[in-house]
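Chains here go by letter, A, B, C and D, matching the order in which they are written, and residues are numbered from 1 within each.
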């Protein structure tokens, strides 16, 4: 369990997340891609804290911040999905030609 | 911890789970007979869980039309595994702790937060309407029991200044948390009923859904699911005993005996609730939880915080 | 001795788990089976050893029963009992065990279960062919259905349609046919329900059940589950004292004790559906052994009901039948719980001499109906005690436990017709509470069809 | 040794389940594969002595993924995977982007030089994190709290049916011709789904 190995794993998770976020049509699936990217980021952040900071809590702070970001992303994402669905009956990106309300 | 210690601790979890489940089933039968006004015959009732289990196990497993077979098979195993993790986080006697982690309360909370996944899968997988409604119900009420559960556990951890459970037990040397935080245990027990989808909060498996999420289950899976559910009850009882009733602390008797006695008291309370309290409608439970139980649990943690501040001065 | 033998021996000491299908003229028998220690009445056919076909059923019910049978997990067996000497040809599988005396039902089930465990009897085979209700129809590149990515009718079933809901979103709506053997429902009650989550959007009473029999038969996952003995259905049963009272004088005690017994048996069932099965059994025992001296027990029961906060919580303000709705009903406890004092007994001179005053409550909700029935049971005991040998006066209308009986009418048709109006917008749990609190007596789909035809337009 | 084996097992699980998320036909399975990925990362964090963070991650994600599963079922067609499903666009571009970002970050991890200062284990990390959260980084922590509060309010405002100017579905509707064009692509829009 070396830093290099951990970063490669985190990169793999992040890469899959990028693929998902770019390729999926459904809003919820796009959010899953974003979450997966954040998952990789959390792993990388945790790795940096565990391997390079000598236990300084600032590294863990970063992960806490990432968890907050994830919560915000999920909540706002779901709210937007509901909002757009309510107005446009759209649940995939192709149904949205314009972002203007 | 030595290898031997680990083996002893893991074995103790297995034994505690098995014995606890058996006792819970027995208490359930005895109390049901007492409430129904039938001759209780406690010794005869000792065989009843075994014979019911055997009868269920001899049935073949049937399937529904196009179920999600893998997740269906996974659900009872997941529930049992989560209950075992929860039980492992509880010190059963001084030094006898399978999951000796610095964040025992968080471990317990994480395991219990995943129970919703197991119950939802159990309801979703058979591809059948009534079980699915049961699964959805459990998600709908999920936060209503999870938040009070987590908040009162945090409040109980405050006086100990630790998230590990052994220090929480030791912090009750002079005064048990059930006295120090009078709101804690009642709120915890109410949340525990929701978590174990048992009795008044058996919403996903209520009689109005003819058994709900486990309606379509047959054979060994059916009995496994019931065992896993009882394991959850045992785990929450043990945690409640450790965190609110002073765990192994007590005069004269050895620590383990006190722990067992206190766990049994909570277990009987929880099991008995099923026969005396009617099932609460989902919507009214959720409203009551957000309007009453969650504010009360926040009050509980607030009081605990002030007490901790005063004690620290 | 091997492990298997040990398990089999243990299993043999468990009660036989039965899933009863209650047909016409079986409600006098069905409720009391719960009191028998040889049996355990279960909620799901998946857990049952024995399918118990009680009473007379028509072909539609037998088709549904076949689906229930096939949902049971082997080893399984069938026991049939019918009051009119049994028509063995009716049940499609030939290996059904036929019982002639109601008293032998429990023992027969238990013996059959033991034989199944001991492999002396083979498990009964599937009745219906294991076929898809319709072939998969896919046209897309991945085998998916018709229009768009999600259209099509996999196995003959359309995917959920969308409709307005209370959140202003148009989400999927699920059409489910429930009954006729759903354990919390009165036996025979069948409803088409449009569900969104567990909110009921629309309820319709299947008008032509025969036309749709294929789907109700094939839908095993629907949990076609079963029956339970609802309180005695006295409406049609030919020999009940209430129908007898239509044409000839009947001692009042012989009317009032069965009425109290009916109400208590109903209460036992209502308690069971509310999650208090054990207490329900206590009430059922009380109902079974009811005599003129049971008044104190009923008082204790009433006190317990009033003090039980959780029951009040689950039933108050649920399923309110308004005064206007009650006016359209012929009468009965449901009407009296909505502030209407119609009771055929108040017109009977014999009852007037006893100082009879109908029990009335104003709230009209499920709680009012619960409390009213307990109060009526109490009152019935008092009347029976005071009546001595006095007899009722036949007038062409008699007050049955569910409402006024006339030669050609049962009180339940109006209640069934009221269901669509009453249940729309309710959560499933509240809807079940409401249906149970109405004490509908439906057994024959034909009767239900008549109700659908006569529904409010 | 045991640590390494455990780590690689969970690392493989995290990556495999992350990949399965976009290959599952059933919406519920997709959401729970993502949960498995998060749980595996949580376990890896615990192995790295960030016990509190790992457990909190699992605790949070258990709830969030369940909500996600319900959203998928509510908003997507074919939630149970009865129909095979792929719903992708610009697949090739996305694959290239994914591979490139993987290679870039992995290269950074492999070839950049990082200081070596492993964190100590025990109770310490959690305690230190607590002191940091309510000490030096109090402001950050408070900001996170306020952000979450703002998110809650915003989420309710966006998703609620009634807005300042009446019901959300009245008024703010896409221009007619675009709706018509959409309807051309997707004739099944109002049909059975």
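Throughout what follows, contacts are C-beta pairs under 8 Å (C-beta built on N, C-alpha and C of every residue); 3 or more make two chains touch, one makes a residue touch a chain.
Just so it is clear, the structure is predicted and the values come from calculations on it, not from any experiment.
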{"item": "Graph separation of chain A and chain B (steps between touching chains)", "value": "2"}
{"item": "Leader among chain pairs (count of C-beta contacts)", "value": "A-D"}
{"item": "Chain whose Cα mean lies nearest the overall Cα mean", "value": "B"}
{"item": "Centre-to-centre distance between chain C and chain B (centres being mean Cα positions), rounded to whole Å", "value": "33"}
{"item": "Distance between the centres, which are taken as Cα means, of chain D and chain A, whole angstrom", "value": "5"}
{"item": "Interchain centroid distance [CA atoms averaged], chain C/chain D, Å", "value": "47"}
{"item": "Separation of mean Cα positions, chain D and chain B [Å, integer]", "value": "29"}
{"item": "For chain D, residues contacting two or more additional chains", "value": "52, 56, 67, 75, 82, 87, 161, 168-169, 186, 189"}
{"item": "Set of chain B residues in contact with two or more other chains", "value": "127, 136"}
{"item": "Residue numbers of chain A (touch at least two other chains)", "value": "82, 85-86, 89"}
{"item": "Chain B - residues contacting chain D, complex", "value": "66, 68, 71, 101-103, 106-107, 109-110, 113-114, 116-117, 120-121, 124, 127, 136, 139, 142-143, 146, 162-164"}
{"item": "Chain D to chain A touching residues, read off their complex", "value": "3-4, 7-8, 11, 14-15, 18-19, 21-22, 27, 30-31, 34, 37-38, 41, 44-45, 47-50, 52-54, 56-57, 60, 64, 67-68, 71-72, 75-76, 87-91, 93-95, 97-99, 101-106, 108-110, 114-120, 124-125, 128-129, 131-133, 137, 140-141, 144, 147-148, 151-152, 154-156, 158-159, 161, 168-169, 172-175, 178, 181-182, 185-186, 189"}
{"item": "Complex contacts: residues of chain C adjacent to chain B", "value": "7-8, 10-14, 17, 43-44, 46-47, 49, 71-75, 117, 132, 155, 174, 176, 182-184, 195, 197-198, 220-223, 225, 271-279, 281-282, 285, 308, 310-311, 313-314, 318, 427-430, 432-433"}
{"item": "Chain C-touching residues of chain B, taken from the complex the two chains share", "value": "31-33, 35-38, 47-48, 50-62, 64-65, 126-131, 133, 136-137, 140, 199-200, 202-203, 206-211, 214-219, 222, 274-284"}
{"item": "Interface residues, chain D side, partner chain B - complex", "value": "26, 28-29, 32, 35, 42, 51-52, 55-56, 58-59, 62-63, 65-67, 69-70, 80-82, 122-123, 126"}
